[in-house]
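One chain, chain A, links the two complexes that follow: it is found with chain B in the first and with chain C in the second.
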Partner chain A sequence: MVPYMLLLPQLAIVTIFFLWPAAEAIQSSFYLEDPFGFGSTFVGLDNFTDMLTSTDYGRVARFTAVFTFFVTFLSLGFALLLAVKADKVLRGASTYKTLLMWVYAVAPPVAGLIGVLLFDQHVGPMVDLFAMFGWKMQIGVNYFDTSFAMIVTAVWKQIPVNFIFFLSGLQGISKSVQEAASIDCRSGFRRFWTVTFPLLAPTGFFLLIINITYAFFDTFGIVDVIVKNEPGNNPVTLVYKVYLDGFRGNDLGGSSAQSVILMALVFILTIIQFRLIERRVHYT
Partner chain B sequence: MATITLDTVRKVYAGDVEAVKGVSIDIADSEFIVLVGPSGCGKSTLLRMIAGLEDITTGEIKIGDRLVNKVDPADRDIAMVFQNYALYPHMSVYNNLAYGLKNRGMAKEEIDRRVKEAARILEIGDYLDRKPRALSGGQRQRVAMGRAIVREPAAFLFDEPLSNLDAKLRVQMRVEIKRLQQSLGTTSVYVTHDQLEAMTLADRLVVLNGGNIEQIGAPIEVYDKPASTFVASFIGSPAMNLLNVKADGDGLSLENGAGLSGSNAKGKDSYIVGIRPEHLQVVDGPSSGDGVNLEVSVDVLEPVGAESFVYASFPDGGPEIVVRVSSHARHEPGEKMHLHADAKDVHFFDSSTGRRID
Partner chain C sequence: MAYRKTVASFVAAAALLGTSTASYAATDIAWWHAMGGRLGEVVVDIANGYNADQDACKITPVFKGTYEETLTAGIAAFRAGEQPNILQVFDAGAATIIGAKGAVIPAQDILENAGVGFDIEDYIDGVRYFYADSDGKMIGMPFNSSTPILYYNVDALKKAGVEAPKTWEEFQEIAPKLKEAGYVPLAQSHLPWIFTENFKSRHNLQFATNNNGYDGSKDTTLVFGEPIKNHFSAVKGWLDDGLFGYYGTGWGDNQTPFNEGKVAMWLGSSGSFGGISKTVDFPFSATYLPYWDAVDGAGTGTFIGGAALFSMSGKSDEENKCVASFFEYLTSPEVQYMWHKETGYVPITNAAYDMAKKDGYYESTPAAEVGIKQLTLPGGEWTKGYRMGFYVQIRDVMNREYGKLMSGETTVEDAFATIEADGNKLLERFSKTTGN
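Take a look at the complex of A and B:
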């Protein structure tokens, strides 16, 4: 009995904050909710068919896919580059690393706010910078420009996390293995792709899943700040659309149906992650 | 195959730590050189400088006739065997062996021939498809050796390659390394802190201490004529007995006045006298023969099988004395013992510099 008692607080938290809302969402995805909360009508799978046939949903899903691809790819790429360089720094290494990790402490909405300031129409230094190259950015007006700012901010926010993992992954690679490689292979570039990179692969796979999850869900704050009050023609992610339709559009049923889809997606990602972690070798 | 020449090689790390202080060694073609010394003596640093894994602060290293100070490790035509084997964990045994050859752009058939040949010599043919993690320590060691062999390099560099193996395997691999080096005739530099390994493997020993060479010579030469008290106590197990003695007219006496007789033939005021445990003979009564005569009492008898060692001390303190006796000898703790060493077996060292006096 005692073990269950000890588990109870954790189970309670999981139930109240995850299982119960999830069950609520699944249930309400089959109902059409009255906007004023006076009742609901069972509509079967209508919410799902409406959602999947709507052009708007397709557009947001496509943007989310593109957004996720770029955020994941770019933040992993830059972080790996920085980690490889930081791993080679000998003097002032800790200052360098601390500076790179600093951004990790910034909360997503604050990161979004900083992004908004950087890309501000009138005072944003990024806008000024690109203007020098003849690109007149219009954040919040131009679809492409807004997407660009959103991706840059999201990437910038995520690089430190990836950097920390890649750096510790690099430092976990045996020094003598790298030395053996330097005797076996003259080209540092080739050495990286044939020895270092394969040995970083377990870290890379783990980060890939983490980053996809991040791009999908944790970028809510960034998206919210950048498109604040003007979601009209602006790019938003699926998660943001759940919020828009549910709390702005008062379509709780449709919003629930969308979140059920997202739940299934997280479920699949989690399974892939466990499969990969199980199958991937942990080199010692 | 090639000679290796080290000319006053120095290594100074940041913060003015001098790890290697002007070392010069001429290594002949096909020679097996062992660098031996306690940890921190600079032996690994020296090896890594030959490999190109450490910069050379001053001095020159030549492999063959080529100055390699600024040559990339991959271009030095050397192969190195690391202490922890340093196998590529994500590659099969075959690819571990082939990796260096592929990077040199060697033809597939030639790579295959060499890998198969090395696998045959080292008897690892059955594991070529396995990953290193599926191998035992001894097998990994063989793969590491194989990776060195396939390159057919000018020189093998070994960095304490046997220290991760258990005692039995270590002896086995030691013999195998020796045999392999003899049949291939490749110039080899081997680093170890184990004096037994050093003695058994080396054509010539280089004894290092604090970044300096203490002595270079054939193992038996180093054993018979240690150049300093450091070498005397480092090479040989148990270590040579070292006694502080002072000249007493024509005779010698121990510093604490205990019984020690012998003649002062070197004409100095004080010495350190060294006697190997096997050169001390147990005699029946007080001896006055030429050489060194001691009277000690037995503390501990340590039988090791083929022989036994007696640890003894002087009645009024002073250094511990180790004597090798026959395995059948019986000595009780507390027993008085008279010892004699012939004059030819007594080594004299300068008491201030520790250098040998002949």
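Take a look at the complex of A and C:
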């Protein structure tokens, strides 16, 4: 009995803050409800079919997939590159590392705000920079330009987190293994892919999941600040659409249906990750 | 020891609090609003003025963020039984709060029940029925009311040797000259509000079935005819010829180039007046929203945008009386004139408008009168407003399709077909939320 008693607080938190709201969301996804709570109509699966058949939802889903891919790939890639290079720095290493990490302390909406200022169509320095190369950026007007600004800002914000993990992962690889490898193989590039990278795989796998979750959910603040609460024809992510319909538009049923779809999506994604990718990861 | 001391002081403070409210006996009412920055300061001034004016009631204004955030906060509070007495709800949210039968007490009822006189004829034309039900009963008390007007850079027009246009036909004549003079001739800040809703009103065209949606949400559908499609074809043509600037959905992104003197004419809110006069360093003036002379019966007035104050239900009679007395104070000519002068929003009553005229306000600042004059232009069958649910999303759909149109991803025909399809689906969904 005692073990259960000790588990109780944790279980209570999970139930109150996760299971109960999830159950509420599933229930209200079958209704169309007056936001003030005076009336509601049971509409079966209408909320889901309305959502999935609308052209806009497909567009948002496609953008979310592309956005997630680029944000995850680029922020992991750059962070790995920076970590490998930082690992080799001998003098002033801690200053160097701190400089690479400080962005971690920036909150997503603030990161979005910095992105907005840098990419502002009237006064943004990045816009001026790209204009020199003949690219006339118009954030908020051009779909591609806005996506680009969003991805750059989201990647910039996420690199430090990945950097910290990769760096500590690299420092966890024992010197003796590295020395043995350098006797066997002279090419630093090959050594990295055959020895260092596989040894980093557990860290990499962990970061992959963290980054996909980040791109899916935590970029909300960045998206919100860049589109300025007016989606227009700008790209938005699935999570942002849940907010737009539910909180901004008071469509509780439609918004719940979207979050149920999102829940299922994350569930499937997690299973795939653990079933397929984790098998190839070696924990030592 | 320290702990006991703290507890004792808490108890004392609580006791003090109890006695002070008991002896003072003022009824507290809360007012949730969405007026930030300078507007928020004026709201506080109004509340302070009311509290100083009488001592039976005490109003506390609380800033709740954007319009959407304020409405959502009000809804959440209502469901928890913690609603404020007065909630400010914007034009696009009107159907949501009015559609929820029982969420609000109509402004007209609350005033009449409290024995304060009410006559809808006291309110100016474009304001009168926007927040009313289909029988013409006023539900929300219009508060910050504005309407789209055309601002122009006087220097730019002088340089090009042209006059501000009254019609879009005139605009087409003068726009090339403005372009030659080195300006982007025109920009606007809200395509759904200015080029859709008020376009309909300015041309006296039907916007939706069921009497623009006032007669009920069931089977209401959007109506888009040739005039508005022709208008957007023309706008897209102007954009391609460099006669029109489109800077996205954001309000400020479109206003900034006008403030910077790059855009010669800008369509914005009559409420933007105060802000522009503080920002720009060139002489500017304003005139009516242009219309197409070619459209039969065009040139009618516009209706208001902005927001209204709704009296939430579930409150004691005493508090409701306070709400009524606050509404009475708010609509008094003095307060309306002050609000009008400080913010640029139009005065909502004829008495306040007369007061501003008598005071000679419009002789010194004629541009401040444009909005209210436009609202009092002759009306027609389709100029009192619209009432549609999930309208925030419908505006989002419009913005999305108009944005695609401007960037060349869609055509006028396709854009309106999508707006109609998606909009009608949203309207149908909304009609089911009320449980019928």
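Simple rule for what comes next: the second predicted complex is superposed on the first by the 252 of 284 C-alpha atoms of A that agree within 3 Å, B and C clash if a C-alpha of one lies under 4 Å from a C-alpha of the other, contacts with A are read in each partner's own complex, and residues count from 1 in each chain.
What we mean here is this: contacts are C-beta pairs under 8 Å (C-beta built on N, C-alpha and C of every residue); 3 or more make two chains touch, one makes a residue touch a chain.
Just so we're clear, the structure is a prediction, and the values are computed from it rather than from any experiment.
Legend: residue contacts after superposition of the two complexes on their common chain; A:K136 is shown touching neither chain B nor chain C. Touch criterion not met for A:K85: it reaches neither chain B nor chain C. By the document's definition of touching, of the two partners only chain B reaches A:A181; chain C does not. After overlaying the two complexes on the shared chain, residue contacts for A:R275 are found with neither chain B nor chain C. Note on chain A: of its two partners chain C and chain B, the one contacting more of its residues is C.
By the touch criterion defined above, A:S54 reaches chain C but does not reach chain B. In the superposition on chain A, contact of A:F36 is made with chain C only, not with chain B.
Of the two partner chains, chain C is the only one that A:F247 touches; chain B does not reach it. Residue ranges on chain A touching chain B, taken from their complex, read 174, 176-177, 179-187, 190, 194-195, 198-199, 201, 281, 283-284.
Every residue of chain C that touches chain A in the complex is listed here, in rising order: 66, 68-69, 71-72, 75, 78-79, 93, 96-97, 99-103, 246-253, 256-257, 260, 390, 392-393, 396-397, 399-404, 406-407, 409, 418, 422, 425, 429, 432-436. Those residues of chain B whose C-beta lies close enough to touch chain A in the complex are 51-53, 72-76, 78-80, 82-84, 86-90, 99-100, 103, 131, 133, 147.
If you check the complex, the residues on chain A that touch chain C are 32-41, 43, 50, 54-56, 121-122, 138-143, 227-234, 244-245, 247-251, 253-254.
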